[in-house]
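One structure coming up, written as structure tokens, with questions to follow.
Should a chain be cited, it is by its letter among A, B, C and D, assigned in written order, with residues numbered from 1 in that chain.
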Amino acid sequence: MNTTAPAQAASTGEVALRVESLGRQFAGVKAVDGVTLSVSRGARLGIIGPNGAGKTTFFNMLSGELKPTSGRIEMFGQDVTRLPAHRRVALGLGRTYQVTRVLHGLTVRENLTVAVHGLSRSKLGLLRSWRAYRRQMEQVEELAASFGLENRLDVLAEALSHGEVRQLDVCLALALKPSILLLDEPAAGLSPAERVDIRALLNRLPPELTLILIEHDMDVLRSAVDEIAVLHHGEYVARGSVAEIQQNELVRELYLGKQAEGAELPKETALNAGTESGGGLV
Amino acid sequence: MNGVHGSADRAQPARRPRLGGRAQSVPLVARPQGPMLWIGAAAFIALTAPLLSQGGFYGGLVTQMLIFAIAAMGLDFLGGFGGLVSFGQASYLGLGAYGVAVSMRYGYGPWTAVGISLVVILLVALIVGPLAVRVSGIGFVIMTLALGQILFGLAFSWVGVSGGDNGLPILSAPVLGPIDLNKPSHMSFAVLAVFILSAWLLRTFVTSPFGLSLRGMMSNEQRLRTLGYATRLHRYVAYVISVFFGGLAGILFAFSNGLISPTAMDFHHNGVITIMAVLGGLGTLWGPVLGAVIIILFQQYLSIYVDRWATAMGVVFIAIMLFVPEGVWGLARKGARRLGRQLGRPAADGATTRALSAEAREPHRDGQNDGSGDEAEVRA
Amino acid sequence: MPRIERRLRVGLAVTAALVVAATSACASKAGGSTSDPIKVAHPLPLTGVYAANGKDLQSGFEIGLKEFGSEVNGRKIEVTFADTQGDPATALTTVRKLIQDGAQVVQGPMATNEIAAVAPLLAQNGIPVNDLGLCSAAQLDSWAKTGNGFTSGYSCDQTALVAAEWAYNEMKWRHITLPALDYSWGWATAGGFKSAFEKLGGKIDKEIWIPNTAADLSSYVTQIPKDTDAVFAAVAGAFSVKFINAYKSFGLTGKIPVFGVTPLIDGSILPTMDPAATEGVYAGAQYCDGIDTPENKKFVETYHAANKRYPGYYAEAAYVRAQVLVSALKARNGDASDHKAMAKAMKQVTINAPRGPVSISDKSFSPIQNIYICQVKMVNGELRSIPIKTYEKVPPQGNVLDYATWEKNFKRYTQARP
Amino acid sequence: MQLLVQTLNGLTLAGIMFLVSSGFTLVFGVMRVANLAHGAFYLLGGYIAFSTVQVIGNFFLGVLVAAVTTAVLGLVLERTLINRIRGNVMAEVLLTLGLVFVIDDVALAIWGGDPLSLKLPGLLAESSTLPGSHLVYPNARLLILGVAVLVGLGLYYLLRRTRVGAIVRAGVDDREMVGAMGINVRLVFTAVFALGALLAGMGGALGATVLTLGPGSDATILTFALVTVIVGGLGSFEGAVLGSLIVGLLSNYGEAYFPSLAHFALFAPLVVVLLIRPQGVLGRTTA
């Protein structure tokens, strides 16, 4: 299996996610301002931007945890702007968090059990112990094994190391077998060794999975995504391949802080290298 | 490097809206775990049965304890496993009792009255539930307190139906073949049977996937949402279950006491059932049973001999809150576990004792509002 | 699976063993022997909302026993005061305990719903019970059926019936406004007043129903019409204080006369009341502390020495219950073991109570007694409740209504607003 | 005319409600603790004022002693009990429930259960005829309304115009930040809890001139506070002001004009608010 450029292999041209002039204000402050973009099935898109660029707010709107103040969101051609978070999960959306959100008071096994029941009616099952659901328990064991957590199954999540919690977080998202996965800085706060693990993990993701990844670590980005979009002050300023973005003057200025605050940037910048086949249109 | 993870090959490319997996076939058998449960149950029956058969004061006392234990366990299901500590359980107990009393006042037989009461409890829970589960944490405490006060007001003032402050008598109890609940001893054992059934049911609920999801919700509700859970629906279902057991206790209360009046639903009584559950230990299910025993002893036994029993009860409760926040049962279990470890095997799974520390420990580093938009969350 | 079965078997074996052990332990319990003391159960609220009244009951009963003797024919009267918390469920358990411990006579609990809760239990055991008052139709029915119960206190509307007679005949009031507590006691009182007053030809201008959850009475007091002749306030306890205070502060005191029944100006609340608001208020009462009988002088003196204030009707009612108990025991030579005979003896007692001569009606099992019109007056710098007119030997139905009408009204008005 | 009287009644009831709910909402806003003993502090304040007036004979001194004593009691209880389980909000709330039982029972032992009320001195006990009408209105109620307005302004000044207020407000918005600013959060909490107790105690002393004191008063007052702050918005100072006005006026109109529904007058605004705007009129969604 191709581990370096899985996106090309699976990309079919079908649009997995489309966002139109999506915006969110907090008390008059525009955290995200009119972002328009689309992502093809199987594409791997990185999102970068300085702190406060609105990346996490953007994710929260995609996942349905935050209602946008303007714009619309489509998944596989279906308008999901008004759907609550759990309904979007049912449509195949999974996510992780920058500040990890696992179920701290539960063991790893229980965490994963909650996740594997997430999309079936069995989550409302009352009359049988969760341990008695054989198929789901097997699934949990498999999941844990594939993330190297098989020896930690009966450990409370709050007792895990930071790296393990990150893994569990991703593992929870994958338990739902999502077709679109949103990862919010999966490498943040990890040791160099753990970063290597995360990169390996990202590369093992199923090829048909559409991945959107917020990340600062260029090494992680380089190995995991084939395109990068840049957010700045809540606006979508650039999109291109990893190499193109790294070369981009504007991005370098933004990151190095040369550009004055609140720079007016044309929304349709020439730097947009998106093509139909690449799955990106501004 | 070729370790494609387990689910990869099963992930279908065309993932469309799912209507959920096939419904599981659900056998009506739960597997209790550990010999401790059997020994405990045996000891419990051995302790209560002779007292119940003896009747009189002690039989009545134990009957009261069992009735309140059912209500307190119901409260624990929502509070200890779902993180929503209710202050309105006594109001639902009253509702169940009034359901019986009012039906019988209008000429229905005891069995029909029980059926009507159960329907009324469920209806009220279904109608009030969406209001109550809109908020969590302390907001839920305040909300259930307020809703409970409304029910109390209704019982008090809707005199044409409820009999006002004098309450309503329940003059006869159900008869089933040789079992005649008009006889105190039969009534007591019926209460014991309902108690055992309730305890067994609630334990099954707690260990079910649904129960697990409730505990997960206490850890991090938002995460549960992005794992596909309609968390408010889960809270709602848990609330209805909790109310149901409150009402069930009320039905038993009506028949065993022969009278229901609004006093049973006032602020004080609501607080007392909450105290039972907390004193015993939230999130333990058996703790509230112990709590009910202790509090009833204070209220109905000690009060005969000691003037300032209420102070004593308050002081004991405060001391428990300060020094043993996991409750008396938690304390007992800690001791048992230590003993068990010495004997070479763990006594119980220790994952359920942190009901009281359900608050999210995570600081919200994100300066932005990462909450749920306009869903009202009175956070505590 | 076999493991579970094994556990089950072990569990059952353990259960069986424990049941046998516990039952045999219980079997050695001693059976009730007829020992010397006469056991009297006195359930009353010592905590909760009615705690103060409960304490008054206890004090009155204790003074009564001291006065009339705590020993009859060599047998000691042993009283257990047990806290019911004003809660019917607790009252029931408590009384069950007291019966089990051998109670031979019960002084009924206080609140109407407590009385109702324990009534079936007492009837079933046939134990004589002297209730504080007759305030529900259920009591009347139960007493008529089983014969074990009665009251030496009063029937709920007896005082209101007399107040209506006095208001019409003596004061010549024709238009009355009627604020009343919106629960059974308030209905019975207001209903009694209304039926007697209207029978005489008077008119009720307005009924104002006060929920007994109301904290602030201003919105009710300000509804009183300015052109009414007088206000009959069927309120009790804390509501009396609130009502009288609000009445004055809205400028009605001195303009429209106000009267009520016993608890409006009871001795238990007078010490904390504002004299400017309270002086001059009237009440129809079976007892007020200024009654001029030798029995009352003695009682007031003893009570005042013990409690540093003048007695109210709860204390006097309990004192009278002690008097009735001791008189009946004397008639039975100290033998309380026969429930039927004891109940009969208690009902046949005629005594000179602080409130005057008391005998029990054989129709409604409640007292035939003097009813006074009392007025609050300042005596030596203290507020006292002083009789200004006495209606002698009033039957439970009052002087205006016939018994049948009264019984019909009473049964209705204790269950619904008049 | 009747409407004017009932409006005045509603306003003065709103004054009482504000006095008893401002402390509750302050404590809730800053500490996220629903102090269930708030009603018990009220009761205690009223009793202490009553005894002080009996001994010393000065009403204002009585109010002062009541306020100071309950504040000190609040301070001591916070320092010795609640402080020890800080961070476990539910346990803190339940602990205050335990305090309710103890304080109520001790108060019963000391003062007995008879209904008590406080008498205002001199002119304050009289009634005034309102200018331009022959409407008689009690000074006591006008005094309470005045005190409520003063307390409201004082709290507004404290919260909006002083450094202490800035810290408290910051504490409402973001507790971590206050900690990060190097401010002793524990001290802030203790001070706020004591202030809440002070307000409750003072409310008890003043409330006892219009309402009565006795067992059960505490539950009534707590219910007032709960309803007010839910309607206004939990933890919001402005919400307590608005909530008092809404509940005070509406429940009074309800009692006066729909007497058969009087039992529900207090709760009707609550139910409406819960249905339409569950976070309260001025409540924020998520903090």
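Simple rule for what comes next: a residue touches a chain if its C-beta (ideal position, glycine included) is under 8 Å from a C-beta of that chain, and two chains touch if they have at least 3 such contacts.
Remember, it's a predicted structure, so these values are computed and weren't measured experimentally.
The chains in contact with chain A and with chain D alike are B. Any chain bridging chain A and chain C, meaning touching each of them, is among B; the list is complete. Inter-chain contacts peak for the pair A-B, counting C-beta pairs in contact.
With each centre defined as the average position of its C-alpha atoms, the distance from chain C to chain D rounds to 35 Å.
As a whole-number value, the distance joining the C-alpha centres of chain B and chain D reads 32 Å. Our note on geometry: chain A versus chain B, Cα centroid distance of 39 Å, whole angstroms. Residue numbers of chain D whose C-beta contacts span two or more other chains: 105, 262-263. In chain A, no residue touches at least two other chains. Residue positions 47-48, 182, 211, 213 of chain C are each in touch with at least two other chains. Remark: the chains found to touch one another pair up as A-B, B-C, B-D, C-D.
The residues of chain C lying in touch with chain D in their complex are 47-55, 182, 208-211, 213-216, 218-220, 222-223, 237-238, 240-242, 245-246, 248-251, 268-269, 272-274, 276. Residue ranges of chain B in contact with chain C, taken from their complex: 31, 35, 38-39, 41-43, 45-47, 49-51, 53-54, 56-57, 60-61, 64, 153, 156-157, 159-160, 163-167, 169, 253, 257-259, 261, 263-264, 268-269, 299-301, 303-304, 307, 309-310.
Residue ranges on chain C touching chain B, taken from their complex, read 4, 7-8, 10-12, 14-15, 17-19, 21-23, 25-26, 29, 46-48, 80, 82-83, 85-90, 92-94, 96-97, 99-101, 112-113, 116-117, 120, 136, 138, 182-184, 211-213, 414-417. Residues of chain A that touch chain B in their complex: 1, 3, 10, 12, 26, 31, 41, 52, 56-57, 60, 63-67, 76, 78, 84-87, 89-92, 94-95, 97-99, 101-107, 110-111, 113-115, 117-133, 136, 139, 142-143, 145-147, 156-158, 172-179, 200, 204-206, 208-209.
Put simply, chain B touches chain A in their complex at residues 1-11, 13, 15-18, 20-24, 26-31, 33, 204-205, 207-213, 215-216, 218-220, 222-231, 234, 237, 351, 354, 358, 361-374.
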